[in-house]
Amino acid sequence: MAIPASVFNPPFNIVRLSHIVLTVTDLKASRDFYVDTLGLQVTAEDDRRIYLRAMEERGHHCLVLERGDIAVAQELGFKVTDEEQLDRAKHYFEKLELPAKWTEVPYQGRTLRTRDPQGIPLEFYAKMDRLPAIHQQYKLYKGVRPLRIDHFNCFSPSVLDAVRFYNSIGFRVTEYTATEDTDELWAAWMHRKGGVHDIAFTNGSGPRLHHVAFWVPTPLSIIDLLDVMATTGYVANIERGPGRHGISNAFFLYIRDPDGHRVEIYCSDYQTIDPDHEPIRWGLKDPQRQTLWGAPAPRSWFEEGSVFANTPIRAADLQATPIIAP
Amino acid sequence: MAIPASVFNPPFNIVRLSHIVLTVTDLKASRDFYVDTLGLQVTAEDDRRIYLRAMEERGHHCLVLERGDIAVAQELGFKVTDEEQLDRAKHYFEKLELPAKWTEVPYQGRTLRTRDPQGIPLEFYAKMDRLPAIHQQYKLYKGVRPLRIDHFNCFSPSVLDAVRFYNSIGFRVTEYTATEDTDELWAAWMHRKGGVHDIAFTNGSGPRLHHVAFWVPTPLSIIDLLDVMATTGYVANIERGPGRHGISNAFFLYIRDPDGHRVEIYCSDYQTIDPDHEPIRWGLKDPQRQTLWGAPAPRSWFEEGSVFANTPIRAADLQATPIIAP
Amino acid sequence: MAIPASVFNPPFNIVRLSHIVLTVTDLKASRDFYVDTLGLQVTAEDDRRIYLRAMEERGHHCLVLERGDIAVAQELGFKVTDEEQLDRAKHYFEKLELPAKWTEVPYQGRTLRTRDPQGIPLEFYAKMDRLPAIHQQYKLYKGVRPLRIDHFNCFSPSVLDAVRFYNSIGFRVTEYTATEDTDELWAAWMHRKGGVHDIAFTNGSGPRLHHVAFWVPTPLSIIDLLDVMATTGYVANIERGPGRHGISNAFFLYIRDPDGHRVEIYCSDYQTIDPDHEPIRWGLKDPQRQTLWGAPAPRSWFEEGSVFANTPIRAADLQATPIIAP
Amino acid sequence: MAIPASVFNPPFNIVRLSHIVLTVTDLKASRDFYVDTLGLQVTAEDDRRIYLRAMEERGHHCLVLERGDIAVAQELGFKVTDEEQLDRAKHYFEKLELPAKWTEVPYQGRTLRTRDPQGIPLEFYAKMDRLPAIHQQYKLYKGVRPLRIDHFNCFSPSVLDAVRFYNSIGFRVTEYTATEDTDELWAAWMHRKGGVHDIAFTNGSGPRLHHVAFWVPTPLSIIDLLDVMATTGYVANIERGPGRHGISNAFFLYIRDPDGHRVEIYCSDYQTIDPDHEPIRWGLKDPQRQTLWGAPAPRSWFEEGSVFANTPIRAADLQATPIIAP
């Protein structure tokens, strides 16, 4: 897979994924899930929104829960290095005739709201309120001990188009799936921050959010969470795992929040910062790309996702079929 | 569930399960599996048999692999406290008109071969060659780091009869499954050594061996084994797991050896030595008894098992149906 | 080391160690330590006593904190198999002209209070209130996730005499330390329940309680506790570890409660139930018997311990000197 | 602590630390240590040099062992983004009148050898032979399961000068120690790759290499290594740990190779890529900066280090005294 020059010389400089806003229908139920069960820390809350951060994060929020009538995903947030990059970003999206406007966002500095060409709502900022470090306040650790937001994963009707666009703004592919026969791109993992991904795309009607992922210390944190969820009324919210992904090599668990938004708990991928880091190719028919240990994913995992607010969905270009649990 | 007096005052005193002999069709392939992959230690071998022990065991063998034309399970071995108990055992089985004869068994002292009423071949001994401790020779630890044999699990055509017999020789039920409506016994876990079980019985055509289990240090040992098996040609031998059993509370993995004999890797059950330790009852329709985290077991796990050598099989008494993966 | 016949045919049948009563000077401070920090569960409390159990225990208490003016250790509690054993025990201690009387103890059935020949106060009972199982209520797990009481460890002025007495009531030595030159017994680990020990004795002025130990799931539980203690004002209460004992092979941590009572957090010893299980001998000059990894224990660990209530102390018979951290 | 502009706009672009060359006096003994005990993978070897990589690395080497008469540290290697950065680097060092010359280095492209102002020999390159990924060949994992080189740590006679220089070439301070009273810089941790550090400096006569560190999956990998080292003749090579650093929050172990070169085994620090990531300040008298759990480091850890080849040493500017184990 060729790496375009834009990856190393992007039009504006994104540091990393930063946060996501999820619309939820029952703020109390979501708080029970994300705070009491997963262990994210509340940094601010009122009767409309709850702001959360993970244990090693010093930015104000990595997840914002917003009360609404319909459960949807809103903007995917990214941090850029400085204010100048924001202006460059605005210019870049405008040049592509994509919507781009400054928005007031609580706890964030100047914020650009826009959409990628497939319609995913995006948010860029350079400054967010910084909070005191809590990573050594071990008394606060609970649930799955979430350390930081790790990545977004989206269904995309054309993964090839998505990769081309995100390549153009500096994201690099670390691993990807292609059909064995026709060599068509089925899925791709793309990074800015030096791990396997900040964002990934999988072929499917979309755009839709497949999941947001949080990084945790060890597989034992995930086992602890499973034990707690299984015995506190959340057994039906456990969708897939635990297991080891072939792609990314991560130890994973997929769970669903009370509105069905999917969350991945994730640990142990690898460093990808070398400019000559080679992407890894997987065949679509190789079941170990999904689960190294061989167990297929359930149908829901392949088909269900969160709609983005006010975002039309179109059918996927490719119709190949991955291996699904019978 | 009433506990008969024989549990506390048995006709002969069994210490614990001790070992199993498995007939395998390819000794080399079995050695690759049990020694190189699982990490059991070879204590003796010739071109017909391989003797294995786990890392904290000082007895000569917990598993004997014997070359044969058909893969079957042979005697389940139990250790009794002293030679007098062996004589008592022989008398007990003879009184029941079950076969009972002294046999020469390498590396063991006087050995009694017999069968339980449902036909399972059993072997009792008081003395086995003792070997130097290797539990602190950490250089030898590999694979899943097996520490000791933990239990046998068998399909039984009448679990109720099996429980009555094993009660009569001192085994106590720690957990069991019964049908919700008719309160019929579906499965039972029975111990001598102070954990959840030395032997368990599940309703099914039998007797057949469902699995033999080995105790390992932590869930991470099991994750390590999965990673190795998945990348050394054993991915199809991973049958079920990893997961947490509701029953026994153990973290588990089920794998199949090259002949299809099932092995459980197991850790973290609990102490059951109090004479007034209360058995735990589970309903047959409760999927969490099988997997606390909700994922059902595959059909093979419910249906397949190893035949015992020269042992007729009969259909199960009960025909209720547990939850099986779709 | 010869094993006396009494080990296999004791005058009364002890199941296991059961509980300890510690007098503490500030019940609130002790509650913060044992409940909020270690994670033991409160089963009853009033303004004078707090009763605690660990996560897999179904007996009412394994630790009783009792408010008093001076921090001392009180009775070491042991469970016997049935009421008849209690009568036999009373008879046995009376025959030795040791104090032995029935006492009313809350939440326990008929309870025998006595002392061993060196003066350690002991308590025997057959029945204690049984509580519902909570080992699968994972929401309750916190702190170091204590699963069960594991053992007592005492300074003894004559370890040889202590071993002889506990041998006589059915305890068996699993590991011991002897002086290299004169082959005098320095320390011994003795069990009833099938692990490395229910009680251990080390040469020192005494009798005094060296520590009470709790079993936890994995070394990571201990690391979690260290992180919490280090950041909640308990850093000075961390006395020794984490480390691996040569003796017992356990992963350990020693901490001190607010009154200075020493608690060991312990996991991963091994099964010792075989009647022919061979004791392991260690030389007094071998530093790896204390810490397999080589780091010596601090002086406080060798010298300090809890006095038993109303119990005279005498100097140790042996004067050899173990290796102490410089 | 002010962050100079050069951190974000360096004269040449360093990706990360890459490798180190250590001169060892017995290549066989060093191979036993680094390959058989630690588990690094040999990528090339002859009778003069052994090239090693860790499990997730695709570059040819992170450690080169070179046979020599005296055990010394040689160049610290860094990877730059592309060939142009190498030319810029050469220009930059020449401008400072530091030695800078192109060198042929096996398995590397064009390589610049130079020294920093305090005399530490450095090596920069853009291209190194890339090798096939082995991070999913789990059969190869052994020892401490090293995943990647993590950082260098050096004694510096003037940490303030060292920080100024490394700031000037793009390294940013994440944590530092300063004297409480005079606010003098005692130690600093500086990164390029997004973790707590690629290189750190501590006040001491120097320059000398304090240690090179490798990243491992979990604290249990470190416990496994300790068990193996303790029982294979390496107990005296265990210098400090395991423990949790206050600074960096990492779980650590320090060991010495057969020549006394110090190696740190390290896991679980945190992400530092935000441009506005705030450095954390620690006071020199705070013992928890060294070990969160309170145990002081031994004297050898504070005093001993590897001399760099052909590099004069001078006394440290500061004479404050940290807390040392008594």
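As written, the chains take the letters A, B, C and D, and residue 1 is the first residue of each chain.
Please note the rule applied: contacts are C-beta pairs under 8 Å (C-beta built on N, C-alpha and C of every residue); 3 or more make two chains touch, one makes a residue touch a chain.
Remember, it's a predicted structure, so these values are computed and weren't measured experimentally.
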{"item": "Partner chains that chain B and chain C have in common", "value": "A, D"}
{"item": "Between the pairs A-D and A-B, the one where more C-beta pairs touch", "value": "A-D"}
{"item": "Chain A and chain B: spacing of chain centres that average the CA atoms, whole Å", "value": "44"}
{"item": "Between chain D and chain B, distance of the C-alpha-averaged centres to the nearest whole Å", "value": "49"}
{"item": "Centre distance in Å when chain A and chain D are each reduced to the mean of their C-alpha atoms", "value": "33"}
{"item": "Per-residue overlap in chain A, given as positions that touch at least 2 other chains", "value": "136, 218, 220, 227, 230-231, 292"}
{"item": "Residue ranges of chain C in contact with chain D within the complex", "value": "218-220, 223, 226-227, 229-231, 235-236, 238, 242, 244, 251, 288, 292-295, 325-326"}
{"item": "Chain A-facing residues of chain D, complex", "value": "8, 15-16, 56, 58-59, 79, 81-82, 127, 130, 133, 135-136, 147-148, 193-194, 217-218, 246, 249, 268, 270-271, 273-278, 280, 292"}
{"item": "Of chain A, residues touching chain C in the complex", "value": "136-139, 141, 218, 220, 224, 227-228, 230-232"}
